[in-house]
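Which chain is which? They are A, B, C and D, in the order written, and residues in each are numbered from 1.
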Amino acid sequence: MAGLVLEGIIAYPVTPFAPGEAGGVDTAALTTLVDRLIDAGCHAIAPLGSTGESAYLDDQEWYTTAEAALAAVARRVPAVVGVADLTTRNAVRRARFAEQAGADAVMVLPQSYWKLDEREVVRHFTAVADAVSVPVMIYNNPATSGIDLSPELMVSLVGQVENITMVKESSGDVQRMHRLAQLTDGELPFYNGSNPLALEAFAAGAAGWCTAAPCLIPGPVLALHRAVRDGDLDAAREVFYRQLPVLEFILRGGLPTTVKAGLALLGLDAGTPRRPLLPLDEPGTARLAELLAATA
Amino acid sequence: MAGLVLEGIIAYPVTPFAPGEAGGVDTAALTTLVDRLIDAGCHAIAPLGSTGESAYLDDQEWYTTAEAALAAVARRVPAVVGVADLTTRNAVRRARFAEQAGADAVMVLPQSYWKLDEREVVRHFTAVADAVSVPVMIYNNPATSGIDLSPELMVSLVGQVENITMVKESSGDVQRMHRLAQLTDGELPFYNGSNPLALEAFAAGAAGWCTAAPCLIPGPVLALHRAVRDGDLDAAREVFYRQLPVLEFILRGGLPTTVKAGLALLGLDAGTPRRPLLPLDEPGTARLAELLAATA
Amino acid sequence: MAGLVLEGIIAYPVTPFAPGEAGGVDTAALTTLVDRLIDAGCHAIAPLGSTGESAYLDDQEWYTTAEAALAAVARRVPAVVGVADLTTRNAVRRARFAEQAGADAVMVLPQSYWKLDEREVVRHFTAVADAVSVPVMIYNNPATSGIDLSPELMVSLVGQVENITMVKESSGDVQRMHRLAQLTDGELPFYNGSNPLALEAFAAGAAGWCTAAPCLIPGPVLALHRAVRDGDLDAAREVFYRQLPVLEFILRGGLPTTVKAGLALLGLDAGTPRRPLLPLDEPGTARLAELLAATA
Amino acid sequence: MAGLVLEGIIAYPVTPFAPGEAGGVDTAALTTLVDRLIDAGCHAIAPLGSTGESAYLDDQEWYTTAEAALAAVARRVPAVVGVADLTTRNAVRRARFAEQAGADAVMVLPQSYWKLDEREVVRHFTAVADAVSVPVMIYNNPATSGIDLSPELMVSLVGQVENITMVKESSGDVQRMHRLAQLTDGELPFYNGSNPLALEAFAAGAAGWCTAAPCLIPGPVLALHRAVRDGDLDAAREVFYRQLPVLEFILRGGLPTTVKAGLALLGLDAGTPRRPLLPLDEPGTARLAELLAATA
């Protein structure tokens, strides 16, 4: 799949856990969720993203999740596996595992404890990309990773390393997307990872929207993409504002927390997020129920 | 004009100065510029905005500029006069003058030295609005004014004071526009004042674009508005990216500085900005010439 | 006074106003306040600073205040007049007036509406300094001026212009003071303008503390300086923490607002600040009364 | 050691690695380093802090390091083991291990990927503190952990949980220390973790300085503490400015990176930091050599 170009709605499932604080990955629930997302029409599936609590899993849990998700996707749509690790060593190991398990691409987030300089970022991405043959999507998410990748740096990586071919921008700043388009004459496919920017990112030319929202409201999410694809700005605006309260709510409360609460409301028990993350409290759950009812 | 609702391109002329550091307002050049903007099809004219160096003029210069600009507009299109003053006393005086000279609306920016709390902001706006009968546009521009007005506060002002009817958002954050729309069920007309956000602000439902860009590139600016009005997202994106380098350049260099340099390149001598602002340097002017040539 | 080197407590009086919104400068109250500050032992007096509402006065009020303050000081201690103006033209005019009225130094704050680049900052300071023969103190206060002067830029100005000889740092960041000391081998006298940093700025080697606090609590302010001058860290820490609640309160509420309220509590009617600034509300005034009682 | 109160210089060793990217923990080098720090007069030893690359080690490496460091300390001075983990589960496990291996206290940093709300922070700290009987030091370091603990929250934790008894503040903002002192009437021992703030933090009343600098310049570090303890402000300032260039350099370049490079210059091979962290480059190493020569 060297020529893989993702387009449309890239859906991020949560990683369901069995009950109890020690509960492991619930692969049956994950399979059900993946099926729902594909049945709803999502264009790609991305397990082990920020929503998938990738950073909170131990190695064995991570492998289990990757295998189960890829088996559930079963090549019906492209699968992009998230690799977010503090050390290059682990990132390489997980990326290799993902490829061998059938991932069509890996999405790499350079987490940081000590700040990384550009040289260190380049070496990290190069090491991971060199370790696999599938395409690599650079994932910029300063709010969770603690490191902010400039458009210039990301475009430079795309130019230097053959299988780094896509960028996911989650800074929430549409000017970054403008810059990516300008630096590459519109040739680099970029993806929006900031839910409340979905309308504007598409307006700015994003190839896709990376989002956990289809776990809860697949209809409106896909309708926004259709309206944009059809060039119908008024319809896109209408369906965007309709779903915006849900998009804002799930982001503000933390995606694993809120999406798991929403899935329970919709009848799919995905367990609770990993401590120190706590389940959504009662008032929050009641509010989410209202928002889902008003949106669907 | 109680029911004034602006729509489209609200054009901001610079305030031309006669040669020399002591040079006063060049009303002839201002008249020429206003004529050009109206002839190009701009939907409203807004003298004495940030671009108009309102904050740098002494009282007499300010009055001269207001009168000359309003005379030049001659009610062919609505005229919105900017009122940005550190003291409430002066803001009231200037707003009254603008109304008597024929302004259709005033745009009020609450400049700050000492930070203002909400109570102080409300009193300032109320005092200015009470002093006139024309509509008042709230102008939020934290980068120049040093004070950031939340959507909630602005909507509250609109609800409290009858002739406060419009909001101009120049923070550059499209989420503020979403919030304005949500808080008023889309009823409050809001205007975008951040040039590089023009495409996305229209996508988000902005009623207009407040911009100095038509001084230099009226064609592409108006074409963007037309594409949006026609609901043609692909055309809007194309013409936006074409003009974006100019929009970025004129904002980054300071609008009075760059727009005056650009007007000189286009054959209209508008003088230089007021010290401490300096004229655009030679390499900047050369770059601007290139960008204008590539855009027009 | 070419060799003027300020040391110790530089006290900033408010500018008292007569009653009513149109009330002019109350020079009698200003004279009383200046007398109090000098009698208390302050080492210099600085009218027309941020506390003095310099930015809110019209030209005539500003001149009246400068003359009255300088007459009140009557060369008993050095007088430093603040010059904060948006245009270079007005800053030059006010600096010249201050010198002719007897100022021993001028303190220059480069206010901004449009951001200034380094070239513009240098030209502004050079123009003001060239217009007078008294020493110039660079005043860095990004929170009120909207422009942040780097230590490197300020040291460069000191090196380039003969009568620019002092720096007042009000960013609140003690690392800036370290940098000033390092860049000049400790030769450049720098002054702290951030009240809650008074202890640490002295520890870092500040030559003085520019503060409005002596209007309300001259005893503790001067005691802190004495303890530092005597090298007695434990005594300095004790008297600092005793006055810190007042320092924090007056800064948080805006110095003109809170200091005028405090002066009224102490029996000196200095009027209210200029609109849009409002007088301190009742709960705030009650709290200030408690803090003053606990500190004096 | 329920009544443990640390005071003075708490020294943070790096975690030495054997050569090669796969090189494990070099316990012999760690033992040598710990001996040096104690011989120099440091008042406590804190392995597995930010400097110790705690976040980059796998479980087995972490256990090996904790055991080796505690064996090397051999109860000559108190030992504080750092526990920084994304999940509560792992933080509890590591804290328990540290206690069983002989730690006198644990220092807990609540790392974040998804932002934690106050409820989640409280639950995390309570869970770790409940799992051990040794004292817990709260570690606030927003720059590396991505989460900023307010003084109010930290003081609340100290009040709620018996064995949470100390706070390490590494935000670099001395006002946080003022607040800690005010909220507890000076009763809560707080420690400074920001190297360039060492002088001012002691002035503000810090009980100690948590620092990796003694790995390279133990003499000046201990001399600063002695001067402060003796209340000699002038001596403290002198020795602080002498070592400040080294403190700034090692912080700016990342402590594991620069301290390992400095140790090599001093003849102790501690290996290189874990990828993606890269060794200090040649110009940086040359500069560090100069600074060390000028400081020692």
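The criterion applied here is as follows: a residue touches a chain if its C-beta (ideal position, glycine included) is under 8 Å from a C-beta of that chain, and two chains touch if they have at least 3 such contacts.
Being a predicted model, the structure only gives us computed values, none of them experimental.
Shared contact partners of subunit B and subunit C are absent; no chain touches both.
Between subunit A and subunit C, the least number of touching-chain steps is 2.
With respect to subunit D, maximal separation of chain centres occurs for B (centres as means of Cα atoms).
Each chain gets a centre from the mean of its Cα atoms; for subunit B and subunit D, those two points are 52 Å apart. Subunit A and subunit D have Cα centroids lying 35 Å from one another.
Chain centres here are Cα means. That of subunit C falls 39 Å from that of subunit D. Touching two or more other chains at once is no residue of subunit C. Pairwise chain contacts present here: A-B, A-D, B-C, C-D [touch as defined].
Contacts from subunit C toward subunit B in the complex involve residues 21-22, 50, 55-56, 84, 86-89, 110-111, 113-116, 119-121, 123-124, 127, 143-144, 146, 254-257, 273-278. For subunit B in complex with subunit A, the touching residues are 172, 174-175, 178, 181-182, 186, 196-197, 199-200, 203-205, 228, 231-234, 236-237, 241, 244-245.
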